Structures are given as structure tokens and as C-alpha cells.
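Just below sit the structures, each encoded as C-alpha cells.
Look at the two complexes coming up: chain A is in both, with chain B in one and chain C in the other.
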Partner chain A sequence: MNKAMNQAFRKRKITYTLAFLVVLALYLISAYITEFDLQTGIKAFPEAAKWMSERLIPDAKAWERLPKILDKLFETALLSVAVTVTAGIGAFMFSLLGSKTTGFRGIINQLVRMTAAFFRNVPDVVWAMVLMFSFGQNILTGYFALFFTTFGLLTRSFIETIDEVSASCVEALNATGANFIQIVFQGIIPSAMTGIITWILYMIETNIRSSTLIGILTATGIGYLFDMYYKRIEFGSAGLVVMAIVVLVIVIETISIQIRKVIK
Partner chain B sequence: MTDLAMPIYKKAENPTDISDKRIERGWNGKIRTAPHSKSNTAIKALMFSLVVITVYAFLTFDYKEIDFADAIMATLQNIKTVFLEPRLTRDTVLGMLYQLFVTFCLGILATIFGAIFAFFCSLFCARNISSPIIGGIIKSFIALIRAIPTVLWVLIFAVSAGLGSVAAVIGLTFHSFAYLTKMYSEAIEEVDEGTIEALRAMGANFWQIVFQAIVPSTITYLVAWTFMRFEINFTNAVAMGAAAGAGGIGFHLFMAGNFYFDLHEMGFLTYVVVIAVIVLESVSTKIKEKVK
Partner chain C sequence: MPILEFKNVSKTYDNETKALNDVSFSIEEGEFVSIIGPSGAGKSTLLRCINRLVDASSGEIVFDGQDVTQMKNKELRKVRTKTGMIFQHYNLVDRLSVIENVLHGTLGKKSTFSGMIGHYTEEEKLRAFEILESLGLADQAYKRCDELSGGQKQRVGIARAIMQQPKLILCDEPIASLDPKSSKIIMDHLADINENQKITCIVNLHQVDVAMKYSERIIGVSDGKIVYDGTPEGLDQKTIHKIYQSKTSDLITDIGGEAHE
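For the complex of A and B:
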């Protein structure tokens, strides 16, 4: 008994050691390839904390700019809702064609899934730069860049949701002789609604964060404002932009948690 | 016709009879298939407000008098160049694969750091082995981390560490940490209460419980979530390369697009990234199926 237990413990010890060595090797190779220096990294933490608490605090000039920042913040919030809703509507119709539950099989199914995978996996950075050439520093650059990725992501998520929750309900409706429109409106929409809304709320939140990145790349919206203050070394104003984003994200997160509680 | 069916048949004769309280009817006497409930009203209200916000957004956006048709045509032309005529002009295929590997390694580093911090934090976050107060503090800390976009974390750290891999890895680590802490602590909360209790009764200390009960019984989940985060980190590392000059294929994408205006090369790099992501995605789908 004791011997068997010791052996089990020893085996576990060997597994832990091996796992540790594999991770260590991965770390060393990656650090070498990317020229990552752990010491600089560790030193950066106290420096960044000090810098954040000293320089990132909004000064008088920053508060003067508050209306402008809030204006861009509001625009960002509207943008991410508009992107998510329009992409969501398109993705829902598209996901009906891509779902196995609705009865489309074979080629259409595959085609929809491949299109979704394409839109999802082309980095939004690429969309942003391609659109930058034709739309310039316009809000539509951000809109379309976010739209394509959101569309791809939501299509996959909706297909998964529909396949997961609506299958039995659709089967029952099929048996009663309901047509496609009836199946969609009486079966799929009611049963998948909770899942769909959860995804939409999640995407609105994600898009606010992504729009900061897109904004930096395409010189639009709140991202541009941060980038501009940051490059001009007006860190107080940049700090206020960060705070504004934090407040917006937390507000939206709180709202969506409340909504999810009610619709469950 | 059996006796059982009779009452139903009778009811159909008089559709305006709304005496049956169990069945909800609309104003025209039709049976409601979706009953009135708080959740249904909430869903309708939410959908309505989202559509209103969207319409309002499109009406108030500052379009700066752009020629929409022209811009769309130009976009389609550019998309055609990027996706149908990809060509490497500035670099070799081998060089690009190396850059892809660099991005890969950035993702690995952020995942390793995120996973290590997240593992220890999740132990204090999981309700079954930790106190709710500490868990609450960590959770609000995580909410704050998540509220700041990755690119801002990278730029904040770039001030002290300089633009490059160090700032990028630290920036990427923040969101990985937040994500993994949530996932790990949820996995730990699923651990059988009996196992932990048995070890406690034997006098095992906290770390013995962790390494002899919790890790062995959750390891599949931990590994699966870590890999899924790696997939996200890889995509984010591409973006950070572009937005924060962190190197790798993202940086080359950015240079091709914003510096050399070389859409052909951008197309080639995009395909490299897309193929890499699709491979990672299919692996993580397989893992997800196994975990479920």
C-alpha cells in the first residue's frame, strides 16, 4: 500500500518536473527569438506604476478637454453599438444558412462557414489599413473594419447557438409541417434569443476595446485622441482618455450583466 | 375520435372563449405562443433600444462629405488587390515565416506569464477554497484590467520599457491574466468538494490540496483554456505588432500598408496570418470538443 502510494507520488512529481521543463524551454526559445528581456520587464512594473500615478493623472488642461473627449467617447459607444447591431442582423440571416438545424446541408453550409472563417480571421488591422486608403480618416473606416470581424465572429457564434439550443424545437416544428419562415420565427428566434443577446452584448463590449486600436491605426475616434496626446507627451490628457474608456467599458459591462440576469 | 379529444374540439368551435386562465391570449383571441414575462419584455425593450441607438448613430455620425460610391469602388479595388493579387516584393518567404514565428513567440510569452499569474490568483478567487472577500477584491481588480484595451496597456508600458517586445508582452499579459483567472477559477470551483475535504481531514496543507487534488482533477481544463487563450494572444500579437511596433508579422503588415503602400505584400502577409489562425482555431475547436 505504502509502496504503491509512494510510486504514485513519485510519478506525479516526475510529471510536474517534465511539465515545468517544457514550459521553461518554450519560454527560453520565445524570449530568445523575440529578444524579450525579463529584467527589463520586471523593472518596467514599478516604473510604469510610478509613471501612471505621477504623469497619467489628468491636469487642468486635460479637464478643459473633457467635452471633446466625452464627445469622442460617445461616438465610440454609438459606433460599437451600430456595428454590432448591423453585423448581428446580417450574421443572423447568414447563420440560418450555415446551421445544420435549419436543414441547409452540404455546399451552402460549407460555403457559409468558410466565409465566416475568412471574415473572422483576417485581422481587423488589415481591414482598417485597406479601408484607410479609400475612406481616409473617416468614421466609416472604423465602422467597416469592425463590421467585417464582428460579422465573422457573430456568424460562427450564432451557428453554434442555433445548433445547440434549437435542434429539438426545430425537429418538433418540422414534424407539425411548419414552413421555413414559421420555423425561424416560432422555433429558432425564441429558443436562441438569450444566446444571441449574450453574444451581441459581448461584442458591443469587445468592439469598444477594438475601436481604440483601430482608432490609433486610422487616426479616428477615441483611439486617435489618446494617440495624439500620447505622442505630444500630454500625458494628463491621455490619462483622462484612458479613464473615460475605463468608465465606459465598466458601465456597459454592468448594464449587460444586469440585462443577462433578467433574460435568463 | 376518442373522448379525450372532445373538449379540445369543442373549444375550437368558440375561439373567443378566454375563460381558460392557463392559456394567454392576445387582443384578438389568438393564443400567445410567447407568454408575457419579465424576460420577454426585457428582450423586446433591449432590441428596440439597440435599433434606436443604431439609427441615431447613423444619423449623427460625421461623414465629412465623403463620396460614398467612390469610396466603395476604391475599397473593392483595394480588396481585390489585397486578396486576389498577393505577392511578396520586399521580403523572402522564409523571412516572412520567421516573422510569423516571432509573433507566435510573443503570444507564447504572454500566455506563459498570464497563465502563471492567473493560476495563483484563481486559487484565491475560487469560491470553494478561498474566502469570498479576497475573491471579490481580485475580481474587481480584474474588471479594471479588462476595461483598459490591450493596446493602451502596451503603450503605457512602452514609456518605461520602450517600444518593443517587452512592452508588447507585458501589455498582452494583462488581458491573458484576466481571462485565464476567470476560466481557471471556474474550473477549480467544479472540483469535487469531497476530495478537498478528505485531504483536509488528513491534515494536508493548502499547497498539498492544490497540487494533489486540484491540479490533477482540473488539468485538462486548465490546458484547454490556456491553449484557447494562446490562440487569442496570437491574433492580438499581430495587432500589437502593427499598432505598437512590437515586431513580428504584424509590424511588417503595418509597414507594408502604412509605409510602403504595398497592397500586394499586405495581401501575402494577410494570407500567412489567416492560415496560421485557421490552423490554431481548428486545433482549439478539437480541444474544446474534448473538454466538453
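For the complex of A and C:
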């Protein structure tokens, strides 16, 4: 008994030690190849903070540009909302086909899940790079790049929500002789609605963050403004852009927390 | 003519588990039948084969003069409107109001569109209210279902089933999640519906004593086969143990003496 216990503990110790050594080795090898030095990295922090506090503070010129910045910020936020809502509608219809609750089985189910996984697993930035070839640097590229990942992610989340919350009432409505469309509108939508709205709000937040980055690639929205000011070495304006983004993200998050409270 | 007839019905899940094994019986209109048996004996499967929530693997199930096993979509939905169902976990749409859940009982007879947008006639609404009143739920009509207690939810389940104006009500463990007091209320309502509206009731039960008290006929299922079919009076200790495949004094019904009064 005692021997078996000691052995079990020793086995765990060996596993932890091995895991630690592997991580350490990976770090050392990659640091050597990339010539990354943790010490210089950490030492650079205070200096970087000092640099930021001196240069990134918005100057008079930056404040003059505020209307333009807000305009682009608004455009980016609206794009995120538009993407999420349209992708959400598509994802909901798609998720009905991918859910086991609704009675679609076999090939359709698998096909939906695989398509959703594909769209979800390619990062939005990669979608943007690929789409830039066909659409060029404009807002449509950004729209589709965000649309694809959002669609993939929402489809999977909606399938899970539907299977989780509406399986029992779908069975009951089936037993009353209701048809598919009636079941969707009278059973699935009412029971899954809060879950669906929560996911959509979450994706709007995420998409505002991503669209800033994608804007740098596609030369649109707030990302483009930041990129431009930064390259012109107008750090004050770039700093104001960053602040505006932070404020927007906080505002959106506060709003969605409030909405979630109401729809509980 | 019997309202329901099973002819050599079998059901095999995944080509392996035999849930029903050559089951045959028939039920006359107006009967109140309890089905008892251990968990996993096939009671739920038996009930669900009738309204095809589960498809039987072989055999014939004749309900109201028609074989349901061969039915396609539209015919099947029509049969389902004639069979109400009550579930152990109530299976209501929790986020809708009580009255809306009761009105769901009419969906099978409505057009797709009016069912979709939840448009009900004045007459349907009045009838839903009457049913709720008879079940003592008139005050709860506009509450959301997730605000109700278990016993109240089950009464909404019954109301939804009655709303269908069914010929047959299938009850799958209707009181398994309820306390003794709510259980009695539910069983009394079922007995009342059976007696006054002449709706045939088939009830899956875990509680042998409840089955003996309420039903005029008991079917004992064990390992997918019918091992007893007769009156409550004929159900003695030996048969109960045969149904539950247990030895004497292994069952909770053995506590406090005879289960057979």
C-alpha cells in the first residue's frame, strides 16, 4: 500500500520535472535562434514607458484631428456590429442544420460542423491577407475577413447553445405534431435567444479589437489612421487613436454587461 | 376495436441493445394502464414508439386503426396531434409564459405561418384558460414557466397535452421528479381526465404502490419483454420480484410489509 503510494507520487514528480526541462529547453533553443535576450527585454521596459509618456501624449495637433479620429472609430465600430449581426443570422440558420436537436443527422451534420471549423480555425488576419488579392485594400476585405471567422465561431457556439437549452422542449413540441418551422420559432428561438444574444455581444467586442488590426492591413478604419500617424512619426496623434480605441472597448463592454443583465 | 395494438414489436438500439423484444398487447379505449419495470427495461422506448419519437425496428403498432410504423411526415404529425405526451422533466419552453406553453398543444393543427408567429384564435385562448382553471393554474397563466415549481410545471405539461384534445395521453414517469404531495395532485388529475374526458392513459411509473392505486391494469416490463399484464389485484409479491428481477426484501416496497393491500 505504502509502496504503491510512494510510487504514484514519484511518478508525478518525474512528470513535472520532465515537463519543466522540456519547456526550458524550448525557450533556450528559440532564444538562441532568434537572438532574443530576456534581460535586455526586461531592461528596456522602463525606457519604453518613459518614451511613451513623452511622445504618445496627444498634442494640440492631435486634438484638432479628434473629429476625424472619432469618425473612423465610429466606422470601425459599425463595421463590427454589421459583420457580427449578418454573420449571426447566417450562423443561426446554419446551426439548425448542424444541431442534433433539430433532427438533422449524419452527413448534413458533419458537413456543417466541418465547414464551421474551417472558417473558425483560419485566423481573421489570414483571411484578410488572402482576400486582399481579390478585393484589394478596402472595407469589403475587412468585412469578409471578420465575417468568415465570426460565422465559423458563432455557428459552433449556436449549435452548442441549441443542443443544450432546447433539446427537451423540441422533443415535446415534436410530440404535439408541430412541424419544423413551428418548432424553431416556438421552441428553439425562445429558449436559445439569451444564449445567442450573449454570443453576439461577445463577438461584437472581439470584432472591434480585431478590426483595428485588420484595418492596418486593409488600409481602412481606425487601424489605418493609427498606421498612418505612426509612420509619419506623429506619435501624439497615434497616441490619441490608441486612447480612443481603449475608451470605445470599455464603453462597448459596459453596454453589453448591462444588456446581459436585462435579458437574464 | 382496441385503440392501440402492439404486434410483435421489437426495438434494437445501435444493432446491439435490445430495448423491446417481441412485445404484443392491446389497449381498449378509456383504459388507464400503468407500465412498471426497472430502469432500462424499455418502458420509455415502448411509450415513444407509439408517437414515433423512437422508431420501432420491427413489428406493427396500430393506433386508432392505422399502422403508425410506416407513416411518413404529414400523416405522422397528424397521429401525434391525437396523442398527448407528458414528460418526467416537463419539457416546457421555460422562457415562454404558461399560457403560451398550453397553446403549443394546438400547433399540430395550425398552419405553419400562424404557428410560427404564435397566432391563436380567441376560442383557443379561452379553452387554454379553461384548462388552466381546471388544473388550478389560472393565477399563473402569464408567469414565465421557469418561475413555477415542479408540480406546477407538470400541470402545465398536462394542460398542453389536454389542449391537443387527444385520444391517448402518454405519460413518461410523470411524478419521478416530484414530492409526494405534488405527485398525488398530478396522479389525481390524470385519473380525473381519464374518467371524465374518457381519454385513454398509459403511464410509465417507478412507484409500484402508485400504479396499484390508480390503474385498472398494470403491464410489467422486464428486459424488453412483458412479464405481467393484468389487474392490480393479481400483482403479488412474487410477480413484483419477477418484474424487478430481485430477491425478496431487496425492494423498497418490501419495507413495511405487503405491497399488495
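Throughout what follows, the second predicted complex is superposed on the first by the 228 of 264 C-alpha atoms of A that agree within 3 Å, B and C clash if a C-alpha of one lies under 4 Å from a C-alpha of the other, contacts with A are read in each partner's own complex, and residues count from 1 in each chain.
FYI, a contact is a pair of C-beta atoms (placed from the backbone, for glycine too) under 8 Å apart; a residue touches a chain by one contact, two chains touch by 3 or more.
Source: prediction; values computed, not measured.
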Checklist entry - Is A:Ala117 contacted by the first partner chain B, the second partner chain C, both or neither? => result first
Next on the checklist: Tell me the contact category for A:Met193 with respect to chain B and chain C: first, second, both or neither.
Outcome noted: both
Next on the checklist: For A:Met52, using the defined touch cut-off, is the partner it touches chain B, chain C, both, or neither? Pick first, second, both or neither.
Outcome noted: first
Checklist entry - Touching A:Gly177 in the superposition: chain B (first), chain C (second), both, neither? => result second
Checklist entry - Taking the contacts chain A makes with chain B in one complex and with chain C in the other, which residues are shared? => result 186, 190, 193-194
Next on the checklist: Touching residues of chain C toward chain A in the complex: what are they?
Outcome noted: 51, 53, 77-81, 83-85, 87, 89-96, 100, 104-105, 107-110, 112, 115-118, 157, 160, 164, 170
Item to check | Complex contact set, residues of chain B against chain A | outcome: 33-34, 38-39, 42-43, 46, 50-51, 53-54, 56-58, 60-64, 66, 71-72, 74-75, 77-79, 82, 101-102, 105-106, 108-109, 112, 143-144, 146-152, 155-157, 159-161, 164-167, 169-170, 211-212, 216, 235, 238-239, 242-243, 247-248, 250, 253-254, 257-258, 261, 263, 266, 270, 273-274, 277-278, 281
Checklist entry - Which residues of chain A touch chain C in their complex? => result 168-169, 171-179, 181-182, 184-187, 190-191, 193-194
Checklist entry - Can you list the residues on chain A that touch chain B in the complex? => result 12, 16, 23, 26-27, 29-31, 33-37, 40-41, 43-45, 47-48, 51-52, 56, 75, 78-79, 81-82, 85-86, 117-118, 121-126, 129-136, 138-140, 143-144, 186, 190, 193-194, 197, 200, 209-210, 212-213, 216-217, 223, 226, 230, 242, 245-246, 249-250, 253, 259, 262-264
